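Starting off with a structure, shown below.
In order of appearance the chains are A, B, C and D, and numbering begins at 1 in each one.
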Amino acid sequence: MRIGFIGLGRMGAAMAANLLKAGHELTVYNRDPARTEALTAQGAKAAETIGAACRGDVVVTMLADDRAVEEVVLGRGGVLESLAARALHLSSSTISVALAERLTEQHARAAQAFVAAPVFGRPEAAVAGKLFVVAAGEQHALALAAPLLAAVGQKTFVVSETPKMANLVKLSGNFLIAALIESLGEAVALVGKSGLDREQYVQLLTSSVFDAPIYHTYGPLIAAQRFEPARFAAALGYKDIRLALAAAEELRVPLPFAGVLRDRFLALFAHGGETLDWSAIGGLAAADAGLAPC
Amino acid sequence: MRIGFIGLGRMGAAMAANLLKAGHELTVYNRDPARTEALTAQGAKAAETIGAACRGDVVVTMLADDRAVEEVVLGRGGVLESLAARALHLSSSTISVALAERLTEQHARAAQAFVAAPVFGRPEAAVAGKLFVVAAGEQHALALAAPLLAAVGQKTFVVSETPKMANLVKLSGNFLIAALIESLGEAVALVGKSGLDREQYVQLLTSSVFDAPIYHTYGPLIAAQRFEPARFAAALGYKDIRLALAAAEELRVPLPFAGVLRDRFLALFAHGGETLDWSAIGGLAAADAGLAPC
Amino acid sequence: MRIGFIGLGRMGAAMAANLLKAGHELTVYNRDPARTEALTAQGAKAAETIGAACRGDVVVTMLADDRAVEEVVLGRGGVLESLAARALHLSSSTISVALAERLTEQHARAAQAFVAAPVFGRPEAAVAGKLFVVAAGEQHALALAAPLLAAVGQKTFVVSETPKMANLVKLSGNFLIAALIESLGEAVALVGKSGLDREQYVQLLTSSVFDAPIYHTYGPLIAAQRFEPARFAAALGYKDIRLALAAAEELRVPLPFAGVLRDRFLALFAHGGETLDWSAIGGLAAADAGLAPC
Amino acid sequence: MRIGFIGLGRMGAAMAANLLKAGHELTVYNRDPARTEALTAQGAKAAETIGAACRGDVVVTMLADDRAVEEVVLGRGGVLESLAARALHLSSSTISVALAERLTEQHARAAQAFVAAPVFGRPEAAVAGKLFVVAAGEQHALALAAPLLAAVGQKTFVVSETPKMANLVKLSGNFLIAALIESLGEAVALVGKSGLDREQYVQLLTSSVFDAPIYHTYGPLIAAQRFEPARFAAALGYKDIRLALAAAEELRVPLPFAGVLRDRFLALFAHGGETLDWSAIGGLAAADAGLAPC
């Protein structure tokens, strides 16, 4: 297939590379064109405008937030204006449920196909083509998207014919991870303040009841209070909690843990932590307890 | 070794059976003597009093809560009065940090050895000898306890020479599980209220980022709101959150998630849920959201 | 002065009447024109369009929420297009800090004067001209507004030259009242569940330490769980908590109580309570405690 | 009447002085006897033992916490052993509901009368005889207590024949005040971080909607972050929140605001704030927001 790919951050670049490897013809666009070089070296064409990346059968977008997606898709010379009728927009960005709904309406009006397909996984998983993909859209659009999703992920979960549902699932997943980080942060503060070694404590957890990748990933960071470099920036983590809360507001669902998480991020940012890894909220319980960094 | 074993609930009975299988000479005591029969059939002797179970080298206690341990250990004719000097009390009950400290002092005064060794694992794991044991005590006491712990668990983690530390770690672990239950409850409420199937949603989670035993255990219960029969009663789960909060109070550690959990249990009990499985707190977010049971 | 007045809800109608009484020449506009009659009977002129209400020296707007203000002020044929240069827009609606900032910029560009002057007080206070007014804007604009504010309120507090500051103060005040409602709700649930009479309990509070108008207003409603008719609808109260949280997000200020309040409103709405009085969130603690309505 | 008075802290000393002024014959006891001098100078007799203060018709106790009351009343040579049958113990300390229940049982067994009569008011109010008294006990006991209560307070509220009910009401009242402090702390953090002057902001509040003594008392302290000297120590305030939570636990009443308050006190204590005024929890929202002290 002839595919356009817009958004070459760490996640996007890795996904694009896997599409190339799978034999697709790829045209890539990035706001900062320097990031296209690694991909052109692998055989991709570089587009100089968004429109130039929208001339194929599919355009994939993988962008940081609602604002970037609004600009790239709904802005002048954007995806919506440029994509042919019946061509597919595959949106992998983690965006709000409300924006996913707007995109669905706009693409429908333009007779374009639309699939929301956010992904779970760290950049390493993206490189290895091991992402988990959550996809939603109409049958025919999903059929178009299927081979691409197979190229970037180890498994695709189709959850609904309504695209925004995939975004809701993605946001709920990031909420679950953030809640896990906070709970580890509280447990480490409690046990750490008793004088036990925090890293040994986390090792105990991850060698027993909590022997799961997600605890192995975050436990040691929290025990050691090692929040740099960021693999997923706190500012992005906060964005997702906000979007989960916004979806919950729309649906009338009280979420007490999410409220606590929101405040944790704000306290972190009030002290300059936007660029730390999002697991840095797991250091705040220890700080509140007056526990010195290890 | 000649071992006394007091407390033959589901966990205790399974642990005692594994001590028998490992070749130890066992004398068992239970308040309700009917529960001793299964073990005498396997070769244990039944004691008619607590004292009669304290005549060997070691006595293991596995009881429901602080009150039961206070009665059995500190009461008239109890373990403290009955155990020989230098003999070992191995306490596997999930009790408060404060009571563990008191037991440590009292046993020291009586020149008795004391090890706190609470365990992680469901009754099935206890039957299979696959518990995780968290142990703390003085070196010589731990040396005495080691073969017993090896017989009941798949792994022993020695965390400190101070017994109460093991209890703190155990309580922190149950807090982490309860927090996981609540976070799943909130995520299921959010996604469920959007109209997605809750059981498929949980299946997606446990087939991807949350493919870990602990999520497999609780996720489906929460999705299906199936909280009976209780495998770990809400009343016991609440006790552990209270004890974690009590320890946190002593150590001056604010725990916002634990505070939310406390309120969840109280709301559950205010509506008659003491005997449900503790994962029933994971159904309250859906109830608050006005979501009908599936 | 020649004044236009847009928005004749209960608050707006009372404020407009007081401006008439103070001798000003008033032209009133309301989306539903039926509500203009009471005022034309008192001497006001009725405008058929927003523009027709903007031909004087000042136009006052008193509308329900951001959306209404955006339409009326920024929409086609709205205040911004219609008001003469140097004329004043006096905005008394409780709106977001962000919208107040946008209005400030737009009016500045149009060389129009702008004052934000939200008010505290129930409709009865508005009728009596006893509102408290919180005002912010540039000196000359405030000078123009002063006689009008004196006509509607018992006291004007000038807080800043930056209009949005007045809106922030107003939102913070509504947060304080909502927090008071929730705290009363929790206290009434606690004491009520012990068996004491809830209404006598509230009477005790308001005859002693809490002998203040705000407790007299809300205490009896909460004790009696009498949340209809709404004097200030829950949907509006929720809006203000949301706007306070939005402002707090912008400023990076964690607000744990506000987070609890947000969830209370969502739980209320999930069970159909949008049209109740906002003090209905003060009934939820009793419901969580399994306490039957009195 | 011949009255013994035990506990001459600032509150107790003031109450005892008012009993003297009302013409009663007073024998006072304090652990540190130096504090009896001011009262003997006014005509009281000093007792050297608790027992010596229990020889009259009534003994009043005004002590810091449960532990002190347990020692003084239930300890060897204490009130329970010393008081004559039919004599009255009037307990004005702020103690737990559970201890009030125990005292009720013990006094009943000893055929002694018992009234719980905790008070609301600062030391200044105690000096002026302007306390609010919340009293509960059997009719005949209340009748005995009435003239004493009239001497120390401006108003007595009889809430029940069951003494512990008065303690519950007192604890709920202190919870309400602490919630007010926290809500002011959050509002001041929000508005303060926008750049408005915090003291002027609080002045605005207390000159308008919140023109009530309780806001006048705490608002300026929080705005100025002036938490020394303590008029009511944070350690005591925390005790009352804990006792309210303990009562709520017994009654199965979730109290989300009280949970937040608990964490605030623990964070304060983790940073050394036990001896500050309890309004110091109202400074934590500003600290979390990264707002420098004024």
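Convention: a residue touches a chain if its C-beta (ideal position, glycine included) is under 8 Å from a C-beta of that chain, and two chains touch if they have at least 3 such contacts.
Predicted, not measured: the structure shown is a model, and the values here were computed from it.
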Fewest hops from subunit A to subunit D - one hop per pair of touching chains: 1
Chain pair with the higher count of C-beta pairs in contact (C-D, B-D): C-D
Geometric centre distance via CA averages, subunit D-subunit B, whole Å: 39
Subunit C-subunit D separation of Cα centroids, rounded to whole Å: 37
In subunit A, residues with contacts to at least two other chains: 248, 252-256, 260, 263, 266-267, 270, 288-290
Chain contact graph, described as a line, ring, star, complete graph or other shape: complete
Touching residues (chain side subunit C, partner subunit B) in the complex: 256, 263, 266-267, 270-272, 288-290
Subunit D-touching residues of subunit B, taken from the complex the two chains share: 242, 248-249, 252-256, 259-260, 262-264, 266-267, 269-270
Contact footprint of subunit A on subunit B as seen in their complex: 120-121, 132, 134, 155, 157, 159-160, 165, 168-169, 172-173, 175-177, 179-180, 182-184, 186-187, 189-191, 193-196, 200-201, 204-205, 207-215, 244, 247-248, 251-258, 260, 285, 288-291
